[in-house]
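Note that the chains are named A, B, C and D in the order they appear, and that numbering of residues resets to 1 at the start of each chain.
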């Protein structure tokens, strides 16, 4: 059976390969649905990451809050959004960071798409 | 669409109708997978049943440990087995009770089925 | 017998929920978006559906990767929302209709759809935002709901054709329900958007316009597309268009667009609103 | 390429787990049951499968009615058992093969099977008892596993035909895996038994004998049966026979019965053991 798995530029499909890499990271981020968990994480990030068994790559990406690194480490955007949300970052902030633009420029780019 | 829903004598299909009736009871019995929960139940059955929101029919069936009543109240045999297990009752004890036989007679009936 | 009165589509992004909570209806950024809804609400006031079947995707509230369903359906007496991580406000619960849910489940499983049945279920913004947009007073009028969740989190996602066929089976199931219910189907999410990767912020107006058009009269146009094709055209999260296809599959009769609104951008998303009437 | 070496069936009732824990292999009640297994173990020693795909039903350990799947598949690096309410002993974990699991998932979803994917999963007696019966030393030899769960808890259950077709798609998926794996498929549960109701203790030797025969050469015999038909013939829990049908569907080649054993009763159940060889 051949499924077209050709990469789409700038896009990481969250498939089995990513899922296998990212389980611990995604499980941690899913836990952030809960306020107590968010507080526990913010009080001691390192201890919380150890509790969920993150690997070194994942830990560093979490420390740096670099979304592209989090995705490369197996993170899924839906769970990562909960992580970003803790720092008051919305999807425009996250988009700007990933595309290397200022938030204003990123918003302008979106606006222009409507013209 | 017509699905054959004609009753099978002596058999209650655990379908949507039963599931709607029995959710609280089944949820309580599912909780008995956990040892702490079993202990909490055994320490104060009434409080535990209230916690899970059982209705009067379900509570009485639990107090009486009558399997046919538990089923009539929406119980599913797989979750009820966990309840019965707390009292050291196995599927032969449960079968004997439901069929109104002694456990010995029930076992003999099973043995005879092989002849 | 139950009757399908129509189908509705709308984007469901969390930012809308915030804007509703802050009543930003006249804000210049939000006005062109919110202005699309009053005519749909008028139509709903006229038609008065009893039940909404809400086809949406869970974004990591009720489901996690330990048990990620392809298709899941609610069969609970009520549905509540909950904190999704960014402190979304808890709102009044939504009424379920478990007997109707079980009728649908019996028929869909009979048609070889391998559902997850949920007798308890939290509903996230994919469900709550559309409900609030269409029925700001949902708690007072007591409209009943059936949540139907389609996986857009974990690839492989179900194909456009599979989702459309799910809708067809759903439509048939609804119309075989013996009670005199008026049922409306919601397909939430979309249109083009991408949140992740260097391609974040991708929007494809041409494709969206085509979706808004063809979903009315020629939904089968999309049935040979793969999920990858959809991601190429509509962005990673634009794959939510499969939710629209499932809705459209359920419309069994003659379909007319009563209202529509397309606006770019709301947050990172091209938002599409459609009110489709379904005549016998 | 991966190759399906054969299929195995066995009952999986918890009482067997207890008897294994207490080493009751020579006990007069248990001996006629346990005596069926050594020849199958010899066959397995010869064939040496690398992976076992274990088709079973969860009896309320990993799944509850809040999220009850029709079909669920494991994609975890390992699987553990746990207390099921009667203090079953915790045993050594089972190895997973997530890359192989994802290959199967990609292909099964492509074939329109609406799976629940489980990247973490507890396995109950439906899985552990058969594994212990066939590989008493499973932890030492490190055989890998893929758990595949079929709903027998909450009606509607998937039909016999749907389960057989799931097996067919599974077989095709396995044989398209590029690694040189030898794969064995387990269909666990059955044969006739009923635990609940006034009909508890129901056993149907005639039907079981027919199942043991036809599953080898004529599995399609069962495909027009409904779940209700199965319950009538095999008892409420005898509906577990759909797990055997899914296993049989996966056997793609020429099938020969190498060993079989049928014994009444073990606990409340007629137990059926089959070792089917699958030749290309």
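FYI, a residue touches a chain if its C-beta (ideal position, glycine included) is under 8 Å from a C-beta of that chain, and two chains touch if they have at least 3 such contacts.
The structure displayed is predicted, hence computed values, not measured ones.
S.K.: Counting C-beta pairs in contact, does B-C beat A-C or the other way around?
M.R.: A-C
S.K.: Could you work out how far the Cα centre of chain A sits from that of chain B, in whole Å?
M.R.: 45
S.K.: How many angstrom between the C-alpha centroids of chain D and chain A?
M.R.: Distance between chain centres: 38 Å.
S.K.: Roughly how many whole angstrom separate the Cα centroids of chain A and chain C?
M.R.: 25
S.K.: Any chance you could list the residues of chain B touching two or more other chains?
M.R.: Residue numbers touching two or more other chains: 3, 15-16, 19, 23, 27.
S.K.: At least two partner chains per residue is the criterion; list those residues in chain D.
M.R.: Only 65-66, 105-106, 110, 119-120, 154, 156 qualify.
S.K.: Treating touching as the only link between chains, describe the layout with one word: line, ring, star, complete or other.
M.R.: Contact pattern: none of line, ring, star or complete.
S.K.: Mind listing each pair of touching chains for me?
M.R.: Inter-chain contacts occur between A-C, A-D, B-C, B-D, C-D.
S.K.: If you look only at chain B, which of its residues touch chain D in the complex?
M.R.: Spelled out, the residues of chain B in touch with chain D are 3-6, 8-16, 19, 23, 26-27, 30, 32-35, 38, 67-68, 71, 76-83, 85-86, 90-92, 94-95, 98-99, 106, 109-111, 113-114.
S.K.: Help me check something: in the complex, which residues belonging to chain C touch chain B?
M.R.: 75, 98-99, 101-103, 105-107, 110, 119-120, 172-173, 176
S.K.: Spell out the part of chain B that touches chain C in their complex, as residue ranges.
M.R.: On the chain B side, the touching residues are 1, 3, 15-17, 19-20, 23, 27.
S.K.: Which positions of chain D touch chain C when the two form their complex?
M.R.: Residues 63, 65-72, 105-106, 109-110, 112-121, 154, 156-159, 162.
S.K.: Write out the stretch or stretches of chain D touching chain B in their complex.
M.R.: 13, 15, 59-61, 64-66, 82-87, 153-156, 194-203, 205, 226, 228, 231-232, 236-237, 263-265, 267-268, 270
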